[in-house]
Amino acid sequence: MDWSALALSLELAAWTTAILMPIGVLIGRTLARRQFVAKSLVEALIALPLVLPPTVLGFYLLVVFSGTSPLGQIYEMLIGRPLVFSFQGLLLASLIFNLPFAVQPVQRAFESLPGDIREAAWCCGMSSWRTFRSIEFPLVWTGVLSAMVLTFAHTLGEFGVVLMVGGNIPGETQTIAISIYDRVQALQDQQAALMSAILLVFSFATISLIYIINNRRRSRREY
Amino acid sequence: MDWSALALSLELAAWTTAILMPIGVLIGRTLARRQFVAKSLVEALIALPLVLPPTVLGFYLLVVFSGTSPLGQIYEMLIGRPLVFSFQGLLLASLIFNLPFAVQPVQRAFESLPGDIREAAWCCGMSSWRTFRSIEFPLVWTGVLSAMVLTFAHTLGEFGVVLMVGGNIPGETQTIAISIYDRVQALQDQQAALMSAILLVFSFATISLIYIINNRRRSRREY
Amino acid sequence: MNTNNTGGLHVHLEQATPIYLDAQFHCATGELIVLVGPSGSGKSTILRCIAGLTIPKQGLVRFNETAWLDTDLGIHLAPQKRSVGMVFQHYALFPHLSALDNITVVLGETSRVHREERARELLELVNLQGLESRRPEELSGGQQQRVALARSLARDPDVLLLDEPFSAVDQITRRKLQLELARLRQQLKMPIVLVTHDLDEACILADRMCVLHHGRSLQAGAPADVTSRPDSDLVARLVGLTNLFDGEVIDHKSEPKITLLCWANHTLECRHRPEIRPGQPVSWIIPPQQVILHRRDRPSRGERENPVHGVIRDFVVLGGDVSITMFVEDNPDLPLSLTLSSHVAYRNHLGMGEHITVSLLAHGIHLMPQR
Amino acid sequence: MNTNNTGGLHVHLEQATPIYLDAQFHCATGELIVLVGPSGSGKSTILRCIAGLTIPKQGLVRFNETAWLDTDLGIHLAPQKRSVGMVFQHYALFPHLSALDNITVVLGETSRVHREERARELLELVNLQGLESRRPEELSGGQQQRVALARSLARDPDVLLLDEPFSAVDQITRRKLQLELARLRQQLKMPIVLVTHDLDEACILADRMCVLHHGRSLQAGAPADVTSRPDSDLVARLVGLTNLFDGEVIDHKSEPKITLLCWANHTLECRHRPEIRPGQPVSWIIPPQQVILHRRDRPSRGERENPVHGVIRDFVVLGGDVSITMFVEDNPDLPLSLTLSSHVAYRNHLGMGEHITVSLLAHGIHLMPQR
Amino acid sequence: AADSPIVAAASSLNPALNEVRQIFEAETGQAIRLSFGSSGNIARQIIRGAPFELFLSADERYVRTLVDRALTIDRGALYAIGRLVLFVPNGSPVRADREMRDLERAVADGSLKRLAIANPEHAPYGRAARQLLEARGLWDRLGQKLVMGENISQTTQFAATGSVDAAILSHSMALSPAMSRRGRFVVLPEKWHDPMRHRMVLLRDASQIAVAFYSFLRAPAATQILERYGFSKPGAIP
């Protein structure tokens, strides 16, 4: 079993989820509240990372991140090391291809919030931030949870983009998904099965734990 | 440009979306309404297809679908041709790995339906089916839409599972994602870019059209 | 749990948790029963039990010959099968449908044209013509409530359950709707259960009134009876009666038939209640209208009866009436209310702090034995 | 759009769409103004404009020296900055928070203990002790409404906006809350705008009353003035006055000062209104309490004034009062209402179909020139 | 070790190269990290700046691309020659023979339903398989009976799961322990396709250890291991 790859995957998934959550809430909330002409187009744009095959998306991201592109050059200038084939590069790619999962459920949750509840908060003198923190966020929480679970699971399983942008470097960019993939490629079925089983059991435990806690909370408070 | 692969992809995505929609609504509704002990576990289980690398998931599906497995044998007996390397096999695989996208947003939408609206429908003598059709479904529609868009887009872009279960047979199981991937692998960058561009433009147009229609409808009716 | 009543709606509910219930009443076909009781006394819960939305631990709900609910026999009909029309306290309109469609959607499988026609009729009934295409959130509170009322009538229900159906509309509209309801009742001959906090409304509309408190039905009867002859001081308070005092029966006389009551150093003559034995502590009430002012300009009839002195401590003009509260013998624990026409008050130069004498008409005094 | 009023809340709103508004009123510090008007007349919309939740096309909302809204100057303060306490018509409680937390969450940044203490105080004020930990959906309608009321007071607002805040509670609780409100008003010295459909409530609580119709403010003034001297027949109807008729002024007399009115073959003596020129068609009203029965048992004062004959067509006992409708000269187009104590009705043997004579007290007749 | 050199290699080398690495590390005490992928992907990643020091390609052409771009130290060296086999899973209606006569028969009489090869568009073993089938006159007759794996490992999995009736695989894959129970194979003659030359090349920033490993791979200790895994020793061709 390749524990370092599992650790790396979890680290990546955790970071991705943690960073995407506020981004998803921000974008989802904006899309739910605002009406603007190009809104449908923005919504469609957000779904696009799903449409390309991951390896192909990875290839284009590789082009965009690499030292020959402006983005890559700026990054290298600021941070002092290349973006591609680094954990940071993986993370950035991961953020991009998980965007649809992070935004959509949150947007829907915000859309189904009754308007008068926010208005009531304002009339009670609650600032926008307090309204968000104490009223809106708890009420859209299940949507955020969906977004988080989808993002987390999808990051664990993704390997096309990761392989391309990260380069399968053990201990640095080799995730558990790639590691299992390597085993399958090498016809090491038993090792692959073992690793898959561990990954599945682990993910199952994590996700069901999240749901159990959430369902507890809701059966206590119904929200 | 490989038009037949694009057509095949669209067919697959359309079928997947069409079949998964009722399934997602059924499962999502049940999970939203019912409280049972193992609910959190079922919810976690549904997210699991995301956790395995697609190729690996595809490998296990290949094992399960192949002529040496009971499922594959039963299918071959009933239908007269093997399940693997056929469109039907692809579709089945596609249904499995898109399940999380089809269920989660719908479940959340059902959860945010106020209970008294259903009760009102019952007290008006509306049957469960009529209540569902005329009241519940229109109200969870945006959730269903999210589910459909995610499923549709993800099916277009997926190639790990599809390649494994489908075997890349032109005209039968070679989707546009595989076709683009092959071009990238063969270092045919221009062709790959062209095909990617067409796929992206096409998907963007389709999805934004869906959203435009939906947003129109909602700005008229707010739902 | 059995009953011999047949016809109409019979309700008997009991449970300890989560909401205490111990309520029983009957509503005959064509009858309108009004449930009154303080906020939180279980009125909405009882309507929900009748509609089948809540299942009590123990209970029987029977309509005509059919048991809708019988926990003993394990019968529990689905809400759809109960043919009730219900106005929810918070309306529960379908938010995605126009006012018109809120109604057409519940009309059976007749043709679209037919359904629309009927829906328009119903909206007209509740004075909403012109607003057919508005969605609930584009309607004012009272307009929403009227859509809910129209919807409850759409399926031609066997039983009508109305949870404060006029609370959000102005008095003119309310009067019109009350008239419509009275008309419908005559026409449709169904049991109607109405929840209201407006006791005037209750008195105008109801054949029977059922008083609830903490989930328990305390008294049921004709509104005039309940409000003039409550069973207990609690019921008296719940139906909003003022002039509620404690006293003690001291004797009964037979010529004329009166009962004598000891109260605050007075001996009052009361309506004859021979069944209350002397020495029994009682609560008693007198309606403000049965408290007669001794006029300065000229004596009026009834001044012999139970004269009481006091000082005016509250003087409120309400329309053409004046509502006066006096402290009997200057005692703030004995506030006594009376109402007068404002012209009478004016001609007698009444005002805050004036000393007055009133008579408590004997036949207006109602005694309630204390437990 | 300018105003010289200083102090208190000044409101002036105008727009044509989507909801027609042409309303203007002022509410001084410590004053309570009540908005009345039929369902859909724009009462909630006006409150929303004051709170800053809706922005009218043209408008001015000023509190003391501060402009909250001035469309001419482009001023539009955010709702959070307006320091209003608002009870929404549909409560708008926070569904995920307990009754207590619905209040603590809006209390500023003081310590948790402090906030809880204050929240408990407020819940006690509205009689909800013991229900602190219930979430809104576990509360009855009236209990929810009271949480909303408590919440609106939590931030010690400068202006209180109450949209039918007592509509879902029983009369006893309502009376208690009305008293609390009256007390708070004295104590806190803020302008209060109250929407209610209960005219009694309006008369008891309000310093001023503003009558709305289709978004337009028709008349504002002391409730007693508005209900006894409405500007027009429309206002009379809107504040629920009966006994509304048409007639024509024929002359004015100077000794005694009275105006003569021609109505249905009668010539009525009315309160002097010299500014109405003879020949002018008018609407007129008389309160039911100013219609005096000619008793059979003995004559009463005022029987000289405007005697009118008719037949009783409606006889409703309400508590200790009787409300009688008679058709003047048997004409069903001229229904005249009067109220009597039930004992008077009883002693005069009144009942359906009886012929009676009444006097219309001259000083009770109010004339309204027609436009 | 986090900063030990990274050697990028074609996926098909996976078990073999790991064994070579272990011996190398045991002999020299120097650590090496292996990163597997498709040769095409690795080439692209090198072009985009991947921190690889040595590239073992399954296909000479990718090495040439890098040489043309001056990303390498030299033109590299051959380290193995690949061989094709015809693999027939248990229970297949086809028998394995060197001349592929039974395969021809099965194609002709329709008893062969599926034949798996690697994708000839980009997988080196796929290209060779196509040349082979063309040489035998089978290519045009197979049509939709051809199932194409992404690379040679996936093609092998098609055969391993019994989803196809026959497969053209690399000798190395067919030799892997997982396959021995699943069917039988014959090594096919080299004359029907271009030689599959596996070339490796040191990249510009290669460290001493990478150079040492490069040399080690050409030493008998390494070539013997590779041969055991089905990779023939390159001849005199440089």
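Letters A, B, C, D and E mark the chains as written, and numbering starts fresh at 1 in each.
The rule is short, and it goes like this: a residue touches a chain if its C-beta (ideal position, glycine included) is under 8 Å from a C-beta of that chain, and two chains touch if they have at least 3 such contacts.
It should be emphasised that the depicted structure is a prediction, and the values quoted were computed from it without experimental measurement.
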Discussion item. For subunit A and subunit B, which third chains touch each of them?
Written reply: E
Worksheet entry | Centre-to-centre distance between subunit D and subunit C (centres being mean Cα positions), rounded to whole Å | 23
Discussion item. Just the number, please: Cα centre separation of subunit C and subunit E in whole Å.
Written reply: 91
Fill in: Cα-centroid distance, subunit B relative to subunit D, in whole angstrom
59
Practice prompt. Would you please write down the residue numbers of subunit B that are in contact with two or more other chains?
Written response: 55, 59, 181, 184
Worksheet entry | Two or more partner chains touched - positions in subunit D | 90
Worksheet, complete the sentence: By the touch definition above, subunit E meets two or more other chains at residues 41, 44, 154, 157
Worksheet item: Between which chains does touch occur?
Response: A-B, A-D, A-E, B-C, B-E, C-D
Worksheet entry | subunit A residues within the subunit B interface of the complex | 35, 39-41, 43-45, 47-48, 50-57, 59-60, 100-101, 104-105, 107-109, 111-112, 142-143, 146, 149-150, 153-154, 156-160, 177-178, 180-181, 184, 192, 196, 199-200, 203-204, 207-208, 210-212, 214-215, 219
Worksheet entry | Interface residues, subunit A side, partner subunit E - complex | 55, 59, 62-63, 65-68, 82, 84-85, 163-164, 167-172, 174, 182, 184-189
Worksheet item: Quick one: in the complex, what on subunit D touches subunit A?
Response: 51-53, 78-80, 82-86, 88, 90, 92-96, 105-106, 135, 137, 151-152, 154-155, 157
Worksheet entry | Residues of subunit E that touch subunit B when the two form their complex | 38, 40-41, 43-44, 65, 113-114, 116, 119, 121-123, 144, 146-150, 154, 157-158, 161-163
Fill in: subunit C-facing residues of subunit B, complex
114, 116-117, 119-128, 134-135, 138-139, 221-223
